[in-house]
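Common to both upcoming complexes is subunit A, partnered first by subunit B, then by subunit C.
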Partner chain A sequence: MMQPMFWTMPQILFSVFCFLAVLFAVFTVGSRSPVASAFSLVMVLFNVAAIFAIQEAHFAAAIQILVYAGAIMVLFLFVVMLLNIESVPLDFPRSSFRYVLAGLGSLSFFGVILFVVAEGQSSLETDGYTPEMIANSGGNIRLISQRMFSGYLFTFEIIAMLLLLAVVGAIVLAKRKVD
Partner chain B sequence: MNFILKDPMLAQSLLLSGALFSIGLFGVFVRRNLIVILICIELMLTAVNISFVAFSRANSSLDGQLATFFIVTVAAAESAVGLGLLIAIFRNLKEVGTATLTGLKG
Partner chain C sequence: MAGGVDVTTFELTAMAIKLGIVLLILLHVAPIMVWAERRICSWMQNRTGPNRVGPFGLLQPLADAAKFIFKEEYVPAHVRKGFYELAPAVSIIPAFLTFAVIPFGPSIDIGGNLVHLQLADLNVGFVYILAISSLSVYGTIMASWASNSKYAMFGGLRATAQMISYELALGLSLVSMIMVYGSVSLQEITQAQGEVFAFFPSLPKWGVFLQPVAFLIFFISIFAETNRLPFDLPEGEAEIIGFHVEYGGMKWSSFFLAEYLHMTTAAGFLTAMFLGGWQMFPGMYTAIVALGLEGDALYWTMVGLRVLSFAIKVMVILVFFIVVRFTLPRFRYDQLMHLGWKVLVPIALVNIVVTAYMISFGWL
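And now, the complex of A and B:
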């Protein structure tokens, strides 16, 4: 069996983006001001979008930048600006016990992922959407839209309903006084 | 050698996904600023998206990328409602730290 080449150009770029994503994720959790956290998360999302683009998931990359980094993070920054909070008391708790417990919890989750990577068995059957097939039938976005409006139409409608409910709920929650 | 380690990009994506999810989980456990906790939840949702896209490429399927789209939509709904709750909490308590939210403690 042919071993896949490791040091190709996309693979190197992929590693660089992975490293940057983890670095900015640490900044997100570790920075004291919420604005810095939000901007670090924007950088994480850009790096993740680059990772999606390298894996030829063009639609996912575009959605990641437009909706996540564009809309959702602007909403966050807007709320931070609106409430004018720079820091809250007892953010970063003093007791090291809390850090130890949190570290144990998250590291054990990472251990589960390591176990899956080392021991995982494939249970999915491949679907036949190879890169050549996707390129021949009009690209990633065309195939995704065809699939979304055929097999996933009901899910799509439910999601639209959920968004409408979330908009109404957010307005009711953020309103000054309920009449 | 299993099917994940045969594909270095898949293995690396899963490790990245696990790392981002663990960092976000750590943030949710440690931080006491509600805005930062919501930001960490977004980080965890992104981590899940990474593994969806990686498995979608490895299995030459498109369903993983569709799942990514639905997750992003649910994340948008979640952050809208979460930030609405945050504004309501700030209006009543003049603060968004979880240390003061002890009304249900008994």
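And now, the complex of A and C:
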């Protein structure tokens, strides 16, 4: 176990951002106003990006903010604001069947996470990717692009194709409504 | 992010001094820009402009700021209170953060210690600027939604759609720059721009000469990203009413502080990317060699001239922002979207392919 008295700076920052991420996650679920929920989700994503940055994964952090916080959440907010839902009434009866099911579901998911954390066998080996090695070979972006366009080229192309299909599909669906 | 790395007192002091200087300059940009904007505007329109307060009216921004601060902090009754108060802060914070990775000078040697004239040389380089400035749209969204008013809402929707659309063209124009320089670090990119063309040695290898198309797309996009005329539909101060219509006093002016900060960062970004950053203007080096400086004197003169070159380039771009504002009329919204999606994005994509061919043939 770690000695709580001798926490280094990254460890303190890590705990702070983890705490904030969880706090805003609770706001996201608990807030009555959908827009407030969405703003809290932005804060969750931002704090997760900060955690990435503490782990020296600057590129993952930047992309997390650029793509999730900067683009996807803006669209979320757009939709929520255009629908103009003021606040969601909390009128589920507490004994309702759905309530119990939801509780069971989230409890069992929590159990799975606990189990994985306690009993997990996956090694934390980084395949030789230490911060020094990454810095020596030209930084995160260079390494990621090299892997992406060599070993993972096929996967990369398939994902690109899939996204293109999704775009075309969205346009077709939207156009049918307009016409 | 000091990931367990030992930080010496010297580095800490250097960091604090750099941080102080950059923050001071950024804070002073907005008032000076407001003054410049009004003076240049009146000069272009053949009027006098503010010239009563202080020499050349230079103290006018101070008077304005005092007025804003002493104005009643009026909060309309129909707004969503918490978010209404938060929105100006949300729009200012990313504006202050983005300047961190822009190099305003070379690395200097102070008694054997290297000091980089740049707040943070992250290994994600300018991707950081794109990431943080993509957050600035939340200030606008939050303000427009919290105002709980139709006009503010429409202004906010216009602003959001515009910022997202032009972010795309901006990012694509930068892709070809990454391909040319093989790096995302602005310090490395600036250094690479110090070379000269083999066939015409007095022309430096600045980004604008290597990638003129990318430069144009980037330049147009930053006008849209900073909500400046001819793309100022999010604000439209006098005519179409923007997202900040329910704001007054200092809260209102903080949106404009954020806008001027974004302009400064955009100008710095453009300078580092396309105009050679802190590289001296052609001819400066010959001039100081002709002066016969040597050793330390030569070294520090060069450092000074490099920082000065950076500052001059940024200022020229900022003045250009103002001149454009009082020259071009505002775009209609469909024209704006047309330009962004059907003109700039396709050109940027073609530019990437052409650049790729040129690199593979060894022409770049």
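Quick note on the criterion: the second predicted complex is superposed on the first by the 147 of 179 C-alpha atoms of A that agree within 3 Å, B and C clash if a C-alpha of one lies under 4 Å from a C-alpha of the other, contacts with A are read in each partner's own complex, and residues count from 1 in each chain.
The criterion applied here is as follows: a residue touches a chain if its C-beta (ideal position, glycine included) is under 8 Å from a C-beta of that chain, and two chains touch if they have at least 3 such contacts.
Keep in mind that what you see is a predicted model, and the values were worked out from it rather than measured.
With the C-alpha superposition on subunit A as described, subunit C and subunit B fit side by side in the combined arrangement.
Within the superposed three-chain model, A:Gly139 lies in touch with subunit C and out of touch with subunit B [touch as defined at top].
Of the two partner chains placed around the shared chain by superposition, subunit B is the only one that A:Leu162 touches, whereas subunit C remains out of contact.
By the touch criterion stated above, A:Val42 is placed in contact with subunit C alone, subunit B being left untouched. Of the two partner chains placed by superposition, subunit B and subunit C are both touched by A:Phe59. Looking at the shared chain after the overlay, A:Val16 reaches neither subunit B nor subunit C.
The larger set of touched subunit A residues comes from B, when the choice is between subunit B and subunit C. Within the superposed three-chain model, A:Phe76 lies in touch with subunit B and out of touch with subunit C [touch as defined at top]. Residue contacts after overlaying the shared chain place A:Leu153 against neither subunit B nor subunit C.
Using the contact criterion defined above for the overlaid structures, shared-chain residue A:Thr8 touches subunit C, although it does not reach subunit B.
Look at A:Val100: by the touch rule set out above, it reaches neither subunit B nor subunit C. Measuring only between alpha carbons, the smallest separation of subunit B from subunit C in this overlay is 13 Å.
On subunit A, the surface touched by subunit B in one complex and the surface touched by subunit C in the other have residues 56, 59, 63, 71, 82, 131, 140 in common. In the complex of the two chains, the subunit A residues touching subunit C come out as 8-10, 35-36, 39, 42, 46, 53-54, 56, 58-59, 61-63, 65-66, 69-71, 74, 77-78, 81-82, 131, 135, 139-141. Remark: subunit C residues 1-4, 83, 122-125, 127-128, 130-132, 134-135, 137-138, 141-142, 145, 153, 157, 160, 164, 167, 184-185 touch subunit A in the complex. The residues of subunit A lying in touch with subunit B in their complex are 4, 6, 11, 14-15, 18, 21-22, 25-26, 28-29, 34, 37-38, 41, 44-45, 48, 51-52, 55-57, 59-60, 63-64, 67-68, 71-72, 75-76, 79-80, 82-83, 85, 87-93, 98-99, 101-103, 105-107, 109-110, 112-114, 116-122, 124-131, 133, 140, 143-144, 147-148, 152, 155, 159, 162-163, 165-167, 169-174, 176.
Interface residues of subunit B facing subunit A in the complex, by the touch rule stated above, are 2-9, 11-27, 29-33, 35-36, 38-40, 42-43, 46, 49-50, 53-57, 59-63, 65-66, 68-70, 72-81, 83-88, 90-91, 95-97, 99.
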